[in-house]
Amino acid sequence: MNEKYLDELLQALEEGRLSREVVLAELKDLPYRDIGIAHLDTHRGLRDRLGEVVFAAGKTTSQLETILRHLLTMPGNILVTRLDDRQAAALQPLFPQFTYDEVGRCLVCRRREIEPAGRGTVLVVTAGTSDLPVAREAVITLELLGQPVELLADVGVAGLHRLLAYREQLWRAAVIVAVAGMEGALPSVIAGLVDRPVIAVPTSVGYGAAFGGVAALLGMLNTCASGVGVVNIDNGFGAACLAALINRAD
Amino acid sequence: MNEKYLDELLQALEEGRLSREVVLAELKDLPYRDIGIAHLDTHRGLRDRLGEVVFAAGKTTSQLETILRHLLTMPGNILVTRLDDRQAAALQPLFPQFTYDEVGRCLVCRRREIEPAGRGTVLVVTAGTSDLPVAREAVITLELLGQPVELLADVGVAGLHRLLAYREQLWRAAVIVAVAGMEGALPSVIAGLVDRPVIAVPTSVGYGAAFGGVAALLGMLNTCASGVGVVNIDNGFGAACLAALINRAD
Amino acid sequence: MNEKYLDELLQALEEGRLSREVVLAELKDLPYRDIGIAHLDTHRGLRDRLGEVVFAAGKTTSQLETILRHLLTMPGNILVTRLDDRQAAALQPLFPQFTYDEVGRCLVCRRREIEPAGRGTVLVVTAGTSDLPVAREAVITLELLGQPVELLADVGVAGLHRLLAYREQLWRAAVIVAVAGMEGALPSVIAGLVDRPVIAVPTSVGYGAAFGGVAALLGMLNTCASGVGVVNIDNGFGAACLAALINRAD
Amino acid sequence: MNEKYLDELLQALEEGRLSREVVLAELKDLPYRDIGIAHLDTHRGLRDRLGEVVFAAGKTTSQLETILRHLLTMPGNILVTRLDDRQAAALQPLFPQFTYDEVGRCLVCRRREIEPAGRGTVLVVTAGTSDLPVAREAVITLELLGQPVELLADVGVAGLHRLLAYREQLWRAAVIVAVAGMEGALPSVIAGLVDRPVIAVPTSVGYGAAFGGVAALLGMLNTCASGVGVVNIDNGFGAACLAALINRAD
Amino acid sequence: MNEKYLDELLQALEEGRLSREVVLAELKDLPYRDIGIAHLDTHRGLRDRLGEVVFAAGKTTSQLETILRHLLTMPGNILVTRLDDRQAAALQPLFPQFTYDEVGRCLVCRRREIEPAGRGTVLVVTAGTSDLPVAREAVITLELLGQPVELLADVGVAGLHRLLAYREQLWRAAVIVAVAGMEGALPSVIAGLVDRPVIAVPTSVGYGAAFGGVAALLGMLNTCASGVGVVNIDNGFGAACLAALINRAD
Amino acid sequence: MNEKYLDELLQALEEGRLSREVVLAELKDLPYRDIGIAHLDTHRGLRDRLGEVVFAAGKTTSQLETILRHLLTMPGNILVTRLDDRQAAALQPLFPQFTYDEVGRCLVCRRREIEPAGRGTVLVVTAGTSDLPVAREAVITLELLGQPVELLADVGVAGLHRLLAYREQLWRAAVIVAVAGMEGALPSVIAGLVDRPVIAVPTSVGYGAAFGGVAALLGMLNTCASGVGVVNIDNGFGAACLAALINRAD
Amino acid sequence: MNEKYLDELLQALEEGRLSREVVLAELKDLPYRDIGIAHLDTHRGLRDRLGEVVFAAGKTTSQLETILRHLLTMPGNILVTRLDDRQAAALQPLFPQFTYDEVGRCLVCRRREIEPAGRGTVLVVTAGTSDLPVAREAVITLELLGQPVELLADVGVAGLHRLLAYREQLWRAAVIVAVAGMEGALPSVIAGLVDRPVIAVPTSVGYGAAFGGVAALLGMLNTCASGVGVVNIDNGFGAACLAALINRAD
Amino acid sequence: MNEKYLDELLQALEEGRLSREVVLAELKDLPYRDIGIAHLDTHRGLRDRLGEVVFAAGKTTSQLETILRHLLTMPGNILVTRLDDRQAAALQPLFPQFTYDEVGRCLVCRRREIEPAGRGTVLVVTAGTSDLPVAREAVITLELLGQPVELLADVGVAGLHRLLAYREQLWRAAVIVAVAGMEGALPSVIAGLVDRPVIAVPTSVGYGAAFGGVAALLGMLNTCASGVGVVNIDNGFGAACLAALINRAD
């Protein structure tokens, strides 16, 4: 499209319909604006699939309503993450076309067919049941990105047999998203079992010296296993985006 | 092999050569020892390619000499990382079969052909020239892992034109390893430009409130771009392993 | 049981009822699933006594209700820890078979006789009255674990005579759980008085530079006395489990 | 004025209307009180323009009411910053002469003509829409200080093209106030594009390892670009004062 | 002995050999000095076995020489911990009656028979070979305390099969000392496997975000397994003392 | 009193009214219990004056009511500190004999004459008006301790003339309590002006990088002036106790 | 120049010397490469004056030699900052054309006339003599940038009279760079005295809870005075660049 | 004196010897310069006694030599603190008139009689022998300040009987300086025993989670005892200055 516009400009110059001065002025600014958009747009690939994403935390209900009404005038899927109970209760009656996931605290509006986009399966694993909200956010995001997803919950390292019972499922996965709070040892153990990329998501689950997820974060950054990349505390969405880029079919 | 051993055990039982009690006792312990080793070995895939890796930091020269002499009695390539000047000066005359990379502070002994193992190219990018040791460690590790690697140095965000001049190279890469100290903004900017996985490596480059890489680490974990996974401060080796797993051909 | 299953398999092979191939396939996976469970289960000993434990913090009242209704369909005692006032008020009318401890913020359902399981007495000591919730959580847990418990409250180091007045009780104990906030000096002083293991529990009692228990935690980790093991901030439950393992009769 | 008062005192002494003792007593304290005010008063220049500023955070509604009633008995403009919803709702009906800015959470009473006081334009730039409250606080303060202001929102570094599209506006500004949370990379990138002073304002926008603005703060302090001065987290008011001092016309 | 002295005093009073005033004066101070010593001495039990312990870090060679010459005039065993290479090299020729342990960096002088004092075996386990100095310090201390000790090295969680291969040895131990740096996950995994007390020792092994052992320390304090007590970073000596108190025979 | 009891015991022995065995048993325990109380009681001097002090933070209203009803059955003054609005509103109607100080958030019951107990005047100085609650807590405590007190508010270092105007009052004081939040520079400046002890009280006033008073605390600990002792953040009560001990008349 | 090149391209197209396809290809890449360089170069203005700047910390002597030899083949002034004693001793004999400033630890090669570039005077003020190295680095940088500079040393807040004695000099300055370690209160006090921008530079001077400059940094960020911008710890160079941009004549 | 000068000025005006303009000009500047100097000098009282104090840490030997030669040309005592071995070895032969204290790492030159200046005795107490350097620095400073000093070493809280044996000495002291590293509990315990001001000095003694004295610092700030003021880590000199101000005779 932008290339087409460039082509038209040059054709007009060639045919004398536009003066050199006019074309020169246009060209000087153009690349930053239009070609720029083509080249520089943030993860166009991801965004094309995901549609629009709204981070609800810290927004008022009325701000969210305005944003969603605006987005509904445009095509594409919509994902709202990090809703609290109050926000969810207020928005659900207003937007019946959205589905609300209570565990993952996400509102999703699917208006477009999602094409399969993954080479293999992304396996989301959690250490405990309290890590499920973060895991669900990842699962929902991955589904919108067309990724085949599986979820394996509550297989933390304090009961190794629970994890080892699923070693086959771990081995089959193309990418593993390991979600854990407290001491955050799950990604280390998993990365020692498989030879696929492991995305480690520390969660704010825990108390005292867990420091809101810092203990888990440090544990994951200092893993003695190789093949682990870490994202921010509770960032299930970010882990899903990275997993989708790693696992993309093309 | 292990399956073969199991088969032999069962055959002996079937043929009456071993009593049920003996086989029972053997089987109870076996899986953890032998099948266990087969299944659970840490990143067997990576290690098969890499050969042995020795982390030199904190080891005495004589400890390193002992370890290397031992490793040389076995086949496979050898990588020694994080050597300081004194260690390197002492070991080089003793081990002429190793090549020393001064920038990356690694000793490498290549005794086995490295098979190409990557789907695309891994691009290692640094914000400044001081980040080069960490980047070189990543490059050397990637080469031993059979990955096609390119290195792009000193394209930090304070001079965006330097980075933008290489946007084509950025777009061509299958995986990008972005190495940066100080404010650590490079991975954010790159992840905003491309739609491939970006592995962010904070470095201890900086002073004062850089806190030995903590500022860069926090910057990377809090990136507003998606598709970024972070490893430990100065962990070029770990970033390379993760990149290789993401980019592996099979 | 698992051994019995193994025995049956082998017998079937011996008697020709199962082919070697079938038994081989079964055996390869088995140990991780069944023998695994037998060997690897988390503190089976503790859990057998304790029954089920539910950590209420961060769970909604309806989630708790669901969990408790489920647990009540199974045998054994049930302990719910870290309830807030709202949760407690909502759950008490629904579950009359539970006893609520206001200080320790625990719900307990005793449906099974608790056998005595300790060699000596576990003495729980607090520095101040504000440390009592954590101490009560420890006491309740210890009682469910069949441990003889004594509680000694408000004997902090700013009034040494209070502590010294109980030196005989301190000397009689087999294990001491020392609970303290603020500067957390109590375990140091006690460990200097007795020659029994001291489990130090920092509490979040304090303000300003207490940093939610960090000052007490650091004080306990840096104790100049020997024989002190530290658990997480406010972790009365964890201290009790450790004390019970140390003091177990068998 | 003070000098005039001094002159009058001396004249009275010279003319015998006041005794030396009286004048001596007056003079001993005077300089600290009156000349003092002239010399030592906090940024008299700024305050003369700004009028009075009230920091609402942590004050009760009735305390704020008392303060505002008192200030209204005196001449000059009044700025109230950091109001929360409850405070704003309570005060607005009571003080119809104030205008409330919902985004910037400021109440402003303009009773005096504001003279233009800037050499050039101050450009306030934000990385995301969530940074707007801090940016608005800066804009409102700058307007009261007689500074020509422009606002450019949501041009963070993850989508460089958005920022680059405004490079001309960036180049035209005399001072730039760059407001960003999360990784806080915006000031670095801007300072690399322009050769004017950049005032960096970290915001508490973000979660997890953003640590309430600390990640952004560290990023800004460690900028690899030169020409950046940093203020406290969320301190839009302080950034505006500094920008006004830099850009003042005289 | 002290009781005997008290008895003599009272007898003298009864028999009129001492006046009431004299006895009164003596009694007022006595308990703190003499009975006090008997009751209050720091872990007399431990010290009786261990003999004297000298912490070498931060002491000059000549200070150490003076201390050791003094201790040699008294009976009992002597343990010097945390020697650096320079200290060890200087002291060894001067004190041939001491044995130096290079890995554990301890000098030991055994002059007294050590009586067995443990109920079971203390198992010291390390995650990596770099944790050995801390583990050796624990082993040497335990031996001096008359405890049966076993050492199991380099069985960290990134290669679970290594750890699982020793599950029987883990199950046999009465107390386990788990030594680990980096992410410090080893104690969590072990405590999930056994039902004996686990003493967790974080080590300063690691780099970057390991923060000199803080990551491991936090991991251990936040363990999701129960039955874990934590000591200070690198405190092998302290872990051994605690283990000995837990495992003492009487 | 205790000495009298001892005397009686000895007299009874001397006169044969008690056997040696009985006296011996009594004496062994006595000193820790009774003489102990006499010697070891926490700041008996302070407590005798202050009466009882109740720290309200973290206590429920009903807990406070119970405690106060109990204390009212005993003689002496009563001070309740750190009340929040809800607690104060609930307790005031129940306890009309208490006076409530809204700024200092203290309830005071004066039932005993307070004797003057200070050598000089204690001057409490604050940097800003937001520091007043902490300063009032100090003033109220000092008054109960019989100390002559003066209060000087809002003389922070950003407007030096305000502080310098009171240099005479500063010079007259025997002890100065300097209360400041934000950068906490007030004690440094005051200690440079006077040659009397300065007690520095950091407050949690501030935002962002004030970290709840940590910035002020660090500023005070690092003062370049000499003669400054620091107490915990917001600890007006503790500063008053220290000031009273320094300034005590005897 | 770039515009000229664009003009030539278009003219060639207009005249049929280049095909539309060729021009199209050229145009698509051009702006980022060439116009880009023109527009985006880092502080071209500053760099034009300063010439090249080399940060010596962390570089080997031989690396520095190579860099300097290279820079000497190009025109312009050269500034080397953060040299340690060893580096300085090695480089001075090799590069006689450089002047070494022992206090500021800078090597300077002036080969080009420096044009005056400031509107007013930049005043660099230090709290103590230990802050001089950082202040000298700022002074040297400012001189190379053509700024009129004055230096005022050792006027910290613990002896206010020293600072107040220079109030006239403070009032005359256009920009003030305030350099201080320990509690870092100097910029607050100065910003309360003048109405010009104050650039605060925390230094790593101090010990204990100074935490290498963190206490000073926090003090400066939390200043209660307005008009203060903060740079990184010990960053005299950065403060000078910011001062020069603020004070630039055009 | 200054008042006299003011009086003369006014008299001259009254008598017509000086014009109003001249007096006006003089008056405007005067108070800040001359009265200022008289009033504002830093702890003139302390400095008069102490003479000059030089903080050696971070200064080169030649800088120290220059400073000392300069100070020797002036009268009064001289104290040099925080010398390292190298500095001490270099300076001792050059300055035979100084006495070197090896433990306290201070050089002292006494050239003036020190008058007794204390009301009571200052007791310096240490928890361990490793705290002695800090304690000696305090003792030496106190002696130069004319304070009666006693030193009581190695009476830490892990062996309470050691401390309690000296309770009489503790009770006799007018001020107590309590020096402790590791968990820093000593000041809490002492302040619970006596009713005199306690100055708490945290030391950097310890390892691991002692964080260079931070654990002890936090412990002291959070003391549950009242009457404790804290100084910076290892700041024996500062504690002595504060003790001297508290204990001064006049």
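Just so it is clear, A, B, C, D, E, F, G and H label the chains in written order, and each chain counts residues from 1 on its own.
To be clear about the criterion, a contact is a pair of C-beta atoms (placed from the backbone, for glycine too) under 8 Å apart; a residue touches a chain by one contact, two chains touch by 3 or more.
Keep in mind it's a predicted model, so treat the numbers as computed, not measured.
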Given chain B and chain E, the chains that contact each of them: A, C
Contact distance in steps, from chain B to chain F: 2
Label of the chain whose CA centroid is most distant from the centroid of chain C: G
Candidate from A-B, A-C or D-G with the same interface as B-E, over half of contact pairs in common: A-C
Length of the line joining the C-alpha centres of chain D and chain H, rounded to whole Å: 41
Chain A and chain F, separation of their C-alpha mean positions in angstrom: 54
Separation of mean Cα positions, chain H and chain A [Å, integer]: 58
Interface hub residues of chain D, defined as touching at least two other chains: 32, 39-40, 42, 158-160, 164, 167, 191-193, 208-210, 214, 217, 221-222, 225, 232-233
Pairs of chains in contact (touch as defined earlier), listed by label: A-B, A-C, A-D, A-E, A-G, B-C, B-D, B-E, B-G, C-E, C-F, C-H, D-F, D-G, D-H, E-F, E-H, F-G, F-H, G-H
Chain B contact footprint on chain C (complex, rising order): 3, 6-7, 10-11, 13-14, 20, 23-24, 27-28, 30-32, 35
Chain A contact footprint on chain B (complex, rising order): 39-40, 42-46, 167, 191-193, 195-197, 199, 217, 221-222, 225-233, 237-238, 241-242, 245-246
Interface residues, chain F side, partner chain C - complex: 32-33, 36-37, 39-42, 57-58, 202, 204, 212-214, 217, 232-235
Of chain A, residues touching chain E in the complex: 127-128, 156-160, 164, 182-185, 188-189, 191-193, 206, 208-211, 214-216, 218-225
Residues on chain E engaged by chain B in the complex (per definition of touch): 130, 158-161, 164-165, 167, 205, 207-210
